[in-house]
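In the part that follows, the structures are each spelled out as structure tokens.
Consider the two complexes below, in which chain A is the common component and chain B and chain C are the respective partners.
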Partner chain A sequence: MRSTAEQKNKRKRLRFQWHKQDTELTLLALPTTIWYILFCFLPMFGIIIAFKNFRISGGFLSNVFNSPWVGFKNFEFLFKSNDAWIIIRNTIGYNIIFIILGIVLPVLFAIMIGLLHNRKASKVYQTMMFLPYFLSWVVVSAVGWAFLSFDKGILNQMLVNMGGDPVNWYMEPSYWPYFLILLNVWKGLGYGMVIYLATITSLDSTYYEAAVIDGASIWQQTRYITLPMLKLVIVMLFILAVGRIFYTDFGLFYQVTRDSNSLFNVATTIDVLVYKQLKSATLGMAASAAFVQSVLGCATILIANWIVRKVDPDSAMM
Partner chain B sequence: MKKSWKLISMLCTLTLLVAALAACSGSNSPSATNAPNASTDTPKDTAEPSKDIPTLIWWTIGGQVPNNFSKAIDAMNAYTAEKIGVKIDIKVASWGEWDTKINTIVNTGEPFDIMFTNSGKYSKQVAMGAFADITDLVQSEAADLYKAIPEKVWDGTKIGGKYYSVPTYKDSALTQYWVYDDKYVQKYNIDINNIKTLQDLDQPLRSIKSGEGKSFYPLPMTQGEGLNGFFNHYDDLTLGFAPIGVKADDGSRTVVSVLEQPDIMADLKLLHQWYQAGIINPDAPTKTENDKGRPFFAAQAFPGAEVGWQINDAVQKYDMVQHFGPIYTTSTIQGSLNAISANSKYKKEALKYLELVNTDPKLRNMLAFGELDVDYKNVDGEKVIERTSDTWPLAAYSQATFFNLAVTKGAPEDQWEQVKMLNDAATSSTVLGFALDISDLQTEVANSQSVWDKYKYELITGASDPEKMIPKITAELKSAGMDTIMKAAQEQINNYFK
Partner chain C sequence: MSTRTTYETGLEKFNRTSKVVNIFFNLIFIILALLCVIPVVVVLSISFSSEESIRETGYHLLPVALSGEAYAYVVKQGTMILRALGVSALVTVVGTVLGVLLTTSMGYVLSRPTYKLNGFLTWVVFIPMIFNGGLVSSYFINTNLLGLKDSVWALILPLAVSSFNVIICKTFFKSTIPDGLIESAEIDGASQLRIFFSIILPISLPVVATIGLFLCFSYWNDWFQSMLYIDNQNLYSLQALLNSLMSNVDALAKNAASMGVSYAVLVATMPKESARMAVAIIIVLPVAFAYPFFQKYFISGLMIGAVKG
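Here is the complex of A and B:
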């Protein structure tokens, strides 16, 4: 009894000691910490704009402090708007699809590429899949325009050559969910794959050798060795993705659709709304929309983590 | 040992926090206040190379900036530095992104000295406190400027009885024209002088379409503009929002739902027929910028304006026919304003500069036409010039008055006198001088605006069927609070004209 208590005490003391290692690690963490304080924590105070009637009275800080409080008035527009539910539906709907595809496809491709014997080929494929990630959405939007433009687009010229009628793509909402999903997958696939591929290549090859000796097929190796080993990473990335379920890639939904009115119902997400409010209405209204987004995002990440902990405590993050 | 580490790490964290805070407030302080003590250290860094000659930032609208832009600005600066001791740094927001950019700059408090603005934005920006009240300053510091612009035009910019901007005195009364590429007028024998209404245009446009073939669009449009001046018969109360207005000649000053008016409905139907017949380009609702050289378009203009377009569009000859106006409304006067930032450290200098632009033909021409002997040549002193390039991006109408601007060679020499005559002959909207105060209506205006934004491109380019769309839009507008806005507008109008 006494000895365990002593041990506990000792451990407690140890925990409050500062080691040389700690200094090194602290220094290592410094740049990130600074970045977080500057760009993540300080701007948080800006959230009070959502509760203020933003008026200009000097620089940004004095604007914020001198503007009169209006309580929740800025939030009214968001909930009085007829389109609130369309926007939330779009945001969550696309994100659910993106999360599912963003896990299934990269894992699938990572496993496939991991199985390739030819290292050179696997590197080439990987790089090719990674490339789109480096393109900005503005560039993608221009490329999309080259395909989909009504009078000069490649797609319409092909249709006309085959005897069909040209389609005004940017005014046909029915096609756009597919376009948007396709583009998102195309752009994100290579990036999503990297982490999985790194995990796969770092797996101990003796597992596989043992499995091969026992006569396991490739499918069985994947099913019983690779996937269970990947589980932790998958769950972690899943939680991260769920935490951002109220955020969407602004470039994808605004640039690629060229802010076409006709696509409003299928392409307006919270981020696009915030931007449009910033364009036409007040800063307070834009801030209130972003505030709601953050609160909901925080709630979802906590809920997702809670569910994961219920199901598999080892995989939970918090 | 332990303690010292702790201390050091504590100190580190503290310095970090302080540094972060300092960095944060430091970046803000130049714009944070115009109190003299706070600003002493910042202007020094910027002013040192220019030897205490302040450089004003002027945000304006225009096209793509050409290669010789900074050279042309340097020439202007050399001239103004000597004359009034002020330099200018002109920042150009392109036609397409101006709305967004200007709003963001004002909202985030980015420093600027002068900003081009116009009706629809102006009253919101003034309500936000973005612009300096120049009522007294303009009379004491820039008396020549004050005298150069007629009382009526100054009055049009008043908000709450005060001036917050310098109007550009030009074709301040709106006159609307139809512009035809002469090539097609000759080819299809169009009797342009007998075309007065949209319905009259139907036959000529159809004959051009059938003559020129399938992929030729006689009436090309873009999403933002549609058919220029489509809603001109209604005064928008400077709301910048078409669905609510007062008919410009309505003596009873009744606020109406514009889209539901029979004349607008009939015109929209016609547009829709044209769209279906391929007279309007099918991608109009998504197209952001016009191609150069349109066969036909509508424009707010003045005699001689076609000369500039001919050069810009490389079109041989445009025929211009007036079909509406001239008319004064608050919005037409507020069509082009230059306001001074409430945070500007150089309010007097900014006013001086605007005064010079409005009174000095040499600077005026440089601003409007670019680099002397590259973009334009003087033909008759500063009175007549010849443009030699089509790349100068700045919009002459956004800068200052027309009445000290040179006439472009080819335009009538008495062009500006004709514009003055148009101004004098103009009728006035029955609600002239009134600007809607939306400070208590922000939620409703924001929501109605977003409903209108959602549908307007397709409606004003004829892409959607007005008979189906207008009931839908009106219903959504009503639930977004259009009735509240209309009621408040009516009350404000009744009070204003009591």
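Here is the complex of A and C:
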């Protein structure tokens, strides 16, 4: 009895003993840890900027300590302006549309492409549809300009050829919700399709075998086998997307609209506002908007993860 | 982990859609695929259009008057574009190498179950996934404390590590590398550094390649860091150059003017519209040629990421 207890003790001591290899592993992890401290953890403390009347001038420490506390003044200022509600509406509104389309369309097309007879053709389609995913927003903005430019754009030429009047697209807010949604789908469809297609192709073929023996048609197989099997992936990606609902793709809303002032109401999201204010040095308001985004973003991610754990404990992050 | 993109679905084996439906589906995909590619072809064709034809009749799907003057101009006025190309290439290469090293080393350390600080470092990697300081304080720290304003490191360092990639690496090392291999190396007296560099990295090429590719494409395509941190035109990457060309048509001419050529003459003669699109094509070309070959790695990378360990 005693000896096993002793052994246990010894093992316990061993587990807490610092070995040479622990030192070596620490050394190996050190550069990345320093990176994390500099680029992730220091900015977390920088959040106090939101509660200060801040100007960038002079050294780091003097900036932090000498700028006066203003408490929640920056937040009051932010939420009293009309901008706050416009950007929150835009951020969440676009995200809801993107989430719905980002599930329905890729699932639909993934199922369809999985049904094609010719594999080579389907691979060519996939590759072609994947291309927009690899273009930077600056390039997409140039592509958009080729179509939408007022005097030279292809769209206006087509309008004129059909007897219509040219439209100054970058000044007309009413069209932009459609453009932005269309571009988002265009850029992400191939990527989304590949994720769902990878799941479909990894499904066990015996399900289908059994279904065929039972006389199920192709539509019944899709309805009762493929879709239910995709459900878990769909739910996972849905919840992850919901967790990012306060973040938008800055490039889409800033680059593609070419930061046109007339489009402020339809194309300004939290990220865009924060960037613009940062560049115009209205730091207090930018910092408070970024703070709201970080805190609400953190809350939604935690809630989303909590829901994932309810749905499928293995997929939860923590 | 299947890296094949060809698939043998149950559907394919046992049941098939009718010929009519198949043709219909094919038509839909042909249209979709063309919609994805045509816009890029349009940019290509504009870059090969003569400046005159653009001035007179605007952009077209196919060039009205074929001309290589934009590219000739790009070559002749090379310094600015060559320098931007150099910055882009440097940032991509250095960033990718640095990022792969930082990511895989952390992934390896986290994959060692007996390591004493494992729990602590897991939190270090994990916390930034759910909470961050936001753009303003990151910008402030990077410029004011780390002095990254107008430095090429501002384009490299902030993008080097992502917690997501670290976790992919950790999962990969944990699931594919047998403990016995590391233990036997330890018994032979190899240090952990040596084990990592001469055993783990060489046999982990799939994950190194995946992470490297992701990093490579994100460095090449990045423009946001330039927009935030770079004011000095000499440090513009290709993306930043195109960005400034898009917002300011005369940027190229101004630069040329500062090199001693008369501004007015240049503005009058330079191919502005097509030069813009030519720079876009210079950016897109390597990506467009590379990604079809690496597509399977991307897909397998996406799958590794989707499978949690």
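Please note the rule applied: the second predicted complex is superposed on the first by the 240 of 318 C-alpha atoms of A that agree within 3 Å, B and C clash if a C-alpha of one lies under 4 Å from a C-alpha of the other, contacts with A are read in each partner's own complex, and residues count from 1 in each chain.
The rule we apply is simple: a contact is a pair of C-beta atoms (placed from the backbone, for glycine too) under 8 Å apart; a residue touches a chain by one contact, two chains touch by 3 or more.
Remember, predicted model here, so these are calculated numbers, not experimental data.
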Original post:
Just chain B (first), just chain C (second), both, or neither: which does A:S81 touch?
Top reply: first
**OP:** Check whether A:S136 is in contact with chain B, with chain C, with both or with neither, and answer first, second, both or neither.
**Re:** second
Subject >> Comparison of chain B and chain C by chain A residues contacted >> reply: C
**OP:** Using the touch definition from the top, say if A:A198 reaches chain B (first), chain C (second), both or neither.
**Re:** second
**OP:** Using the superposition on chain A described above, determine whether A:P106 touches chain B (first), chain C (second), both, or neither.
**Re:** neither
Original post:
Touching A:S149 in the superposition: chain B (first), chain C (second), both, neither?
Top reply: both
**OP:** Please indicate which partner A:G190 is in contact with in the superposed arrangement: first for chain B, second for chain C, both, or neither.
**Re:** second
Original post:
Should A:K276 be classified as contacting the first partner (chain B), the second (chain C), both, or neither?
Top reply: first
Original post:
Regarding the shared-chain residue A:W18, is it in contact with chain B (first), chain C (second), both, or neither?
Top reply: both
Original post:
Which holds for A:L115: it touches chain B only (first), chain C only (second), both, or neither?
Top reply: second
Original post:
Which positions of chain A sit in both the chain B and the chain C interface?
Top reply: 18, 22, 26, 33, 38, 42, 56, 59-60, 63, 149, 151, 258, 278, 283
Subject >> Residue ranges of chain A in contact with chain C within the complex >> reply: 16, 18-19, 21-22, 24-29, 31-33, 35-36, 38-47, 49-50, 56, 59-60, 63, 109, 112-119, 121-132, 134-139, 141-143, 145-147, 149, 151-154, 156-157, 186, 189-190, 194-195, 197-198, 200-209, 211-212, 216-218, 221-222, 225-226, 233, 250-251, 255, 258-259, 271, 274-275, 278, 283, 286-287, 290-291, 293-294, 297-298, 301-302, 314-315, 317-318
Subject >> Contacting residues of chain B [partner chain A, same complex] >> reply: 2, 5-6, 9, 12, 16-17, 20-21, 23-25, 28-34, 99-100, 103-104, 106-109, 128-130, 215, 223, 281-283, 285-286, 288, 342-343, 442-443, 445-447, 449-451, 453-458, 463, 476, 479-481
Subject >> Residue ranges of chain C in contact with chain A within the complex >> reply: 2, 5-17, 21-22, 25-26, 28-30, 32-37, 39-40, 42-43, 46, 54, 57-61, 101-103, 105-106, 108-110, 112, 114-117, 121, 124-146, 157-158, 160-161, 166, 186, 191-193, 196, 217, 220-224, 239, 242-243, 246-247, 273, 276-277, 280, 283-284, 287-288, 291-292, 295, 299, 302-303, 306, 308
Original post:
Hey, which residues of chain A end up touching chain B in the complex?
Top reply: 17-18, 22-23, 26, 30, 33-34, 37-38, 42, 54-63, 73, 76-77, 80-83, 149-151, 166, 168, 170-171, 258, 260-262, 264, 276-283, 285
